[in-house]
Amino acid sequence: MDQDQLRGLFEQVRSGAVDVESALHRMRHMPFEDLGFAKVDHHRELRHGMPEVIFAKGKTPEQVRAIAERLLANSHNVLITRADPACADYVVSRLADGEFLPLSGTIRFWRDHTIHGKGTIAVVCAGTSDMPVAEEAQLTAEVMGNEVDAIHDIGVAGIHRLMSNRERLTEARVIVVCAGMEGALPSAVGGMVSCPVIAVPTSVGYGASFNGLAALLGMLNSCASNVTVVNIDNGFGAGYVASLINRP
Amino acid sequence: MDQDQLRGLFEQVRSGAVDVESALHRMRHMPFEDLGFAKVDHHRELRHGMPEVIFAKGKTPEQVRAIAERLLANSHNVLITRADPACADYVVSRLADGEFLPLSGTIRFWRDHTIHGKGTIAVVCAGTSDMPVAEEAQLTAEVMGNEVDAIHDIGVAGIHRLMSNRERLTEARVIVVCAGMEGALPSAVGGMVSCPVIAVPTSVGYGASFNGLAALLGMLNSCASNVTVVNIDNGFGAGYVASLINRP
Amino acid sequence: MDQDQLRGLFEQVRSGAVDVESALHRMRHMPFEDLGFAKVDHHRELRHGMPEVIFAKGKTPEQVRAIAERLLANSHNVLITRADPACADYVVSRLADGEFLPLSGTIRFWRDHTIHGKGTIAVVCAGTSDMPVAEEAQLTAEVMGNEVDAIHDIGVAGIHRLMSNRERLTEARVIVVCAGMEGALPSAVGGMVSCPVIAVPTSVGYGASFNGLAALLGMLNSCASNVTVVNIDNGFGAGYVASLINRP
Amino acid sequence: MDQDQLRGLFEQVRSGAVDVESALHRMRHMPFEDLGFAKVDHHRELRHGMPEVIFAKGKTPEQVRAIAERLLANSHNVLITRADPACADYVVSRLADGEFLPLSGTIRFWRDHTIHGKGTIAVVCAGTSDMPVAEEAQLTAEVMGNEVDAIHDIGVAGIHRLMSNRERLTEARVIVVCAGMEGALPSAVGGMVSCPVIAVPTSVGYGASFNGLAALLGMLNSCASNVTVVNIDNGFGAGYVASLINRP
Amino acid sequence: MDQDQLRGLFEQVRSGAVDVESALHRMRHMPFEDLGFAKVDHHRELRHGMPEVIFAKGKTPEQVRAIAERLLANSHNVLITRADPACADYVVSRLADGEFLPLSGTIRFWRDHTIHGKGTIAVVCAGTSDMPVAEEAQLTAEVMGNEVDAIHDIGVAGIHRLMSNRERLTEARVIVVCAGMEGALPSAVGGMVSCPVIAVPTSVGYGASFNGLAALLGMLNSCASNVTVVNIDNGFGAGYVASLINRP
Amino acid sequence: MDQDQLRGLFEQVRSGAVDVESALHRMRHMPFEDLGFAKVDHHRELRHGMPEVIFAKGKTPEQVRAIAERLLANSHNVLITRADPACADYVVSRLADGEFLPLSGTIRFWRDHTIHGKGTIAVVCAGTSDMPVAEEAQLTAEVMGNEVDAIHDIGVAGIHRLMSNRERLTEARVIVVCAGMEGALPSAVGGMVSCPVIAVPTSVGYGASFNGLAALLGMLNSCASNVTVVNIDNGFGAGYVASLINRP
Amino acid sequence: MDQDQLRGLFEQVRSGAVDVESALHRMRHMPFEDLGFAKVDHHRELRHGMPEVIFAKGKTPEQVRAIAERLLANSHNVLITRADPACADYVVSRLADGEFLPLSGTIRFWRDHTIHGKGTIAVVCAGTSDMPVAEEAQLTAEVMGNEVDAIHDIGVAGIHRLMSNRERLTEARVIVVCAGMEGALPSAVGGMVSCPVIAVPTSVGYGASFNGLAALLGMLNSCASNVTVVNIDNGFGAGYVASLINRP
Amino acid sequence: MDQDQLRGLFEQVRSGAVDVESALHRMRHMPFEDLGFAKVDHHRELRHGMPEVIFAKGKTPEQVRAIAERLLANSHNVLITRADPACADYVVSRLADGEFLPLSGTIRFWRDHTIHGKGTIAVVCAGTSDMPVAEEAQLTAEVMGNEVDAIHDIGVAGIHRLMSNRERLTEARVIVVCAGMEGALPSAVGGMVSCPVIAVPTSVGYGASFNGLAALLGMLNSCASNVTVVNIDNGFGAGYVASLINRP
């Protein structure tokens, strides 16, 4: 219920078209529906320019399908993250237009390909093992209407590889950098460009990487001032914020 | 040294205006000067639209002054963060145009007030104790050419205060949210707006806040998708990235 | 053995009805029985108004059944938490009146439905994935004689959903709030009501949620003064304390 | 603005006594005042039965006095926690009716001694060094209108001391237990009584106590089901929730 | 090689019975054999009164059998800890006199039942789930020649159970206390007796027990002065040290 | 109140010498006195063979003196640990027979020099900086009636120093080993002797020693089976348990 | 592209043999190829004297084979670490000269056995369970052209075993020491020799070893000055650096 | 006592020049002296090519002077680290040839300037604030007889500064890299050179740097294979190992 609807309501009250108790009742009646196990919020698209993403982990295939179905009735593009193959089979076979990308475990309903972004979003990953997270970021940015330039496997220990991609990096309007282990790549990239860099620590590594903690701390302490950080393995969040930044 | 300068150099080599060894030498000659204890990098302004900020903590007043003096010769606006009063006295009394803001410990040389930002940056803090960090963010955003709307003391435990600022929040193009303790405010703000939110955990709190760790973890795990995070108490970083995002 | 029984014993000694050594012996004879692997304590019902709950994890189905059988001989209502389906099959097929609720893994023997509570206990969860923990809290509160109002999926990033449940929340006499990720919901709920709020961090999340640690720290640092916290995923404990608070 | 005020507003709109734009404006006009650095929220007393406590740490004496003065204009009883002696001198010499209790660093304005609680709140501490935290809990409970029974220095390593206080403990309606080091006392107390126990870990200890972390973890893992936990050293929070529970 | 053997060697050198190079060689020739993958050290029995225990986890059944066989050639009693059933089957079917105790995963070769201890060792556990660790302590103490009094399931939340075992506890010369969750039992036991108490934190618990960390920290911070601690789940170590203490 | 006193009480009840209510009253009357801020427990000497030690940190000099005075009325030997010089001056100038040892900050009242121990306790420290903790252990063991052999500065990186003290070590009946940094010395000592070794991690070190955490973890994971551990810097606890073990 | 190639390029530009745009193009053309999912960097052999090792964990067998095939076309010796048996089967059956060593999960292509090292590298492990990590270090050092002396199972709790290997240790030019649990062996070895010691913490242990954290912290805090540390279980890294140090 | 001395001793025993008991005595008589509080070990110079460094922190000026005096009697070069100015004044005014370098707090007695190293050791630091640690490494390497090339302030966020020092870096035989914050510089340097890199995390940073933990974890997880790590701020250890590696 926005400002105008509220003004309209007051005017109806004033004119007598709506009585007081009905007005009170309407104000409490918010536009979401109740599926029993999850409140699907159609308002969110108004607020964020995109329907609620479904985080599939910890939900049954049936729950995922039910939520997705409802969302698809109101929205062109829907993203389901962290789906395992069994869940994906169940959902894709029951709902039209779904595509499963197994590397990142994403199901994508991409029915509206309009470009909303002003420039390009670069999605960079440090090593082959970081690619699932980078893919999640890329799919998110694409479904939200952006051109994406994916650059893989340019770690900080091979600086000439980084240098050779300098031009592509400087052309981006926002950059998402996914890296595990010591998580140093966002600092190096951040120092080369003047646009915002969104760092995604990945859980890639072993021993004292502590499932991404080392990379997370490294990124939070980046000496490059244009770096912000999202949660470990949160490719979706990075792609999402990058899309908002890339809006004109 | 950019693409064009390099092309120029090759052309001079081709024409014989520059010999090979001199060309080799020039390519190694990067444009920074050596003060002995710190390499001041004038390139950075080209890259980032702003001179290097000086992090005063751990430097002597003399070092701070020397670096600042050099930077001021090449740049209109300079920011010195985390300066204690003794350092500030020393620097402000020796360099013209400096202003000390004791709450955040910032010295600001703000000689060029041109507005570069497209919209407004809102800087929000959860409690009175978070104000030093919020001020650092605000000063950074202002010196980088942005209109800033500062909103103080709207914690998540008093939701009606948050609601009453809804309009101001939705008008911002980027929002910086500073919060200590449980760090829940960025999620609440993030859910109300559709622009990027930069969360700054502060070290405010006691006991199991562990000097900002609780707030940091809370923000990294935010259920709002438009939230990214910077280091604990890093108001500068948040103001810096917000400024980049606010560029047209 | 309470004050009165002790007085009675002294009087029997004084009258000669009981000799000294027998009196000494009786004082050492406490009313619990020994099953070999666990001392079942019938006193506890006297103390707490409810028999000992059985924590099934780490016990064999046989052990669970044996303890449950003994407890059921002395108590109407018995709760078995964290039972896997195999254990539940074994127990429910051998002991009458047992019901298994697979979402939370609870077996409930609810033979006495008397209402002991004065008001309503609201059990709130932030997301669909927090429902197993919320169910454990709800079942515990019900079996201890309370009216429960279950409210699902009202996270802090969608404040209007929270607002639309304001009335139900303010009607409760105690509220249990289950949330994972950043654990911000108890602060928001706590700020809206004047009754005690029991916060249950859940292990829902990924990356820097560290299996519920982020939510736990967030809740401990809540800026709402009416919030206390129980262990991660401890729905039982929250339902238990809520029941005690709801006693007249 | 409650339900009735809203109904009143609608009725004024209907009758034409208030026009639409004014009604919209009033709905946004929430009853808090702006001191510049902190929004004092008089609504909170309506919600929680008590004015906002002032957490003095990190605020200047002037800020503390200003907030306190404003609150005292609307409320009989005000509590200022974590005040150092300098702050206390400044505040107590400028505002009437204030009393400073240096052990816990609390300033108390206790102008209305009405008893609101139904029973007694016991405040227990494990050792002499836990007394500052226990005092903060006691002062909070008293100023909120409760009879408090303070029991000091009954650690778990001297069980007979605990046993000798059994009667006093069982007479309480709620118990606050403050303990540092291993934090075992709440479990022992919890096992002896049937009322809710609020455990407050204190930062007392050395070495592997890690400033209260050991006690905090111990309390969260309590094997007694009637125990909930607040933040390390948070005597205020414990006293506050105990007061809510003790309401009739 | 002890003092006397060394003296004998010098005397043989002096008398000419052994030449210098042979003497040098002998001093380097230490009495252990090389199995290729593990140096079995028969000296250790001389030093510690017991052969090396075999920690089976991470070794193949073949490795365990080979080491055990070698040790059994020189020692009456051998203990294999943390063996899974497959390993136990393999070993027990190939080496005589072995007994497998599945609760703790121990294989025991107990061929010499001589009592070496002066008094009784009490092995106490807080809950049924702590029994595997307690059994490992008990088997170790028995195989090292001690009378053991096993007392199960006397947690700190049921103090009367603890009190009712007071006599048995005070009769012990050393007490091993195994407890998970908050790990409070060693403090309570330690306060009741005057003998040394060896605390074994167990990994029993969930959530913020962090696999035994909460119990470990609790025990290290015990307010009872007669408590020392071994590693999480280290029943063997506790039984071993208890046996050393119980020597006359 | 022991078994015999209780029997006596029952007999007095039986004979009529004591009436029932007086008997009930006596049973609740435990022999400790109330100083207001700390319950001094004279029972403890009966239980532990030594009066309660006073932990001075966090107590005022006045509190320390008051508790010490009361204890000295009932006990020959009293130990005050962690006293700063100001506290020591105050106490030693007001109470006879006190001696202050500034290295460890211990005040010792050692009026009864009877030897209770059967053998020698060796107190070993790894480096000069560990000496304060070692001294606390030594003073404790001495005041409890033991011969102590102090061996300083034999770290694990100079194995020949350790070897040259082998004889003294093997002659001890119990060994206390204090070490900071990597905390490896207890393992090396433990492997050389067959008696119990009590390891005391010290907070000596820097960087990743994390104030003793590295040493603590090292000692808990010792591969020598005869090692148990006390809290970081807890020389008192180590000396105390060593004394109990050294009893005949 | 090295200094000489660059000089050559400038000379070609000067002579007109290469035009400016081609020169610019060549400088950007770095010698690595793009397999789509990983950039194989042949430059690295020039830089490090060895081709890139393949970390197999997290890659599919197909990916591993493809990368290995490409590397083998340019290099004699290739190492694949952390391969599971399925991956090893796939790779070894498809690529000639590969050997799988299951203990450490290493696949080795060792086609050039030239010795490059000046002295011997000793690879020491504390216990049988540390052997997989030690093997990885040994295989790496061998494939890089070194004589390796492997010494197994000489823990710090059996110092005579360590002493009996003193001569072999002092003959090495670099020593790699692998140890889990308390990680004390590097300190003891470091104190016996004058060459560099590379410490590898292993994840061997249980309870408070926290998967190698205890060993890691112990090694970082080593009191021996000649010790440096690599990541937990990083046998490859240790063997690699040892090889570099052993170069003449 | 080495192999030859031992052989000599045996020969004296054989010839009768030394009797058996004297021989036994001599073997126990190791060549170190006892200052009461610290065993000064002259053997160490034989073993490590350098006298024991004195870690001044936690020692009194008098202790530092006494140990230094003794060491200077046997060694030309002595290093005292972590000395505060008061300690330095005391020591330098009493012992000849000492020089105090306040940035790192080092006192250096450098009486023998012989070069023992084969090549150059580069000591690199990321920022001005890392210079104290870098200086400690440099002074150590110099006093051990090495040419040092110090390169300051080349962080990873300004890659062109790093590139411009490439030649100096590739000329070094070993490189010490000191960096705080995210600790990424060792990876970048390691990827550019083929020599061993010793990484020193510094405690420089704030917030989530956790006093050097972020840098430490980053360096341990370096994706460059030629990197090993020492303790946080341990410039001495890095300089020491670099010197050993640089020996011919």
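Points to keep in mind about this one:
So that you can tell them apart, the chains are marked A, B, C, D, E, F, G and H in the order they are listed, and the count of residues begins at 1 in each.
The rule we apply is simple: a contact is a pair of C-beta atoms (placed from the backbone, for glycine too) under 8 Å apart; a residue touches a chain by one contact, two chains touch by 3 or more.
Since we're looking at a predicted model, the values are computed, not measured.
Separation of subunit A from subunit D in touch steps, taking the shortest path, is 1.
Each chain gets a centre from the mean of its Cα atoms; the one farthest from the centre of subunit C is H. Looking at which positions face the partner, subunit F and subunit H present mostly different ones, since fewer than half of the interface numbers are shared. Remark: rotation between subunit B and subunit G after Cα superposition is 180° (nearest 5). Averaged C-alpha coordinates put the centre of subunit A at 54 Å from the centre of subunit E. Centres computed as Cα averages put subunit A at a distance of 38 Å from subunit C. As a whole-number value, the distance joining the C-alpha centres of subunit A and subunit F reads 58 Å. Annotation for subunit E: residues touching 2 or more other chains are 127, 158, 191-192, 207-209, 213, 216, 220-221, 231-232.
Applying the touch definition to all chain combinations yields A-B, A-C, A-D, A-G, A-H, B-C, B-D, B-G, B-H, C-D, C-E, C-F, D-E, D-F, E-F, E-G, E-H, F-G, F-H, G-H.
Residue ranges of subunit D in contact with subunit A, taken from their complex: 3, 6-7, 10-11, 13-14, 16, 19-20, 23-24. Per the touch definition, subunit B reaches subunit C in the complex via residues 126-127, 155-159, 162-163, 181-184, 187-188, 190-192, 205, 207-210, 213-215, 217-224. Against subunit D, in their complex, subunit C makes its touches with residues 47-49, 53, 191-196, 198, 216, 220-221, 225-232, 236-238, 240-241, 244-245. Those residues of subunit B that touch subunit H in the complex are listed here as 28, 30, 32, 37-39, 41, 43-44, 55, 57-59, 63, 201, 203, 212-213, 216, 231-234.
Contact residues of subunit G toward subunit E in the complex are 127-129, 131, 152-154, 158, 160-161, 164, 167, 204, 206-209.
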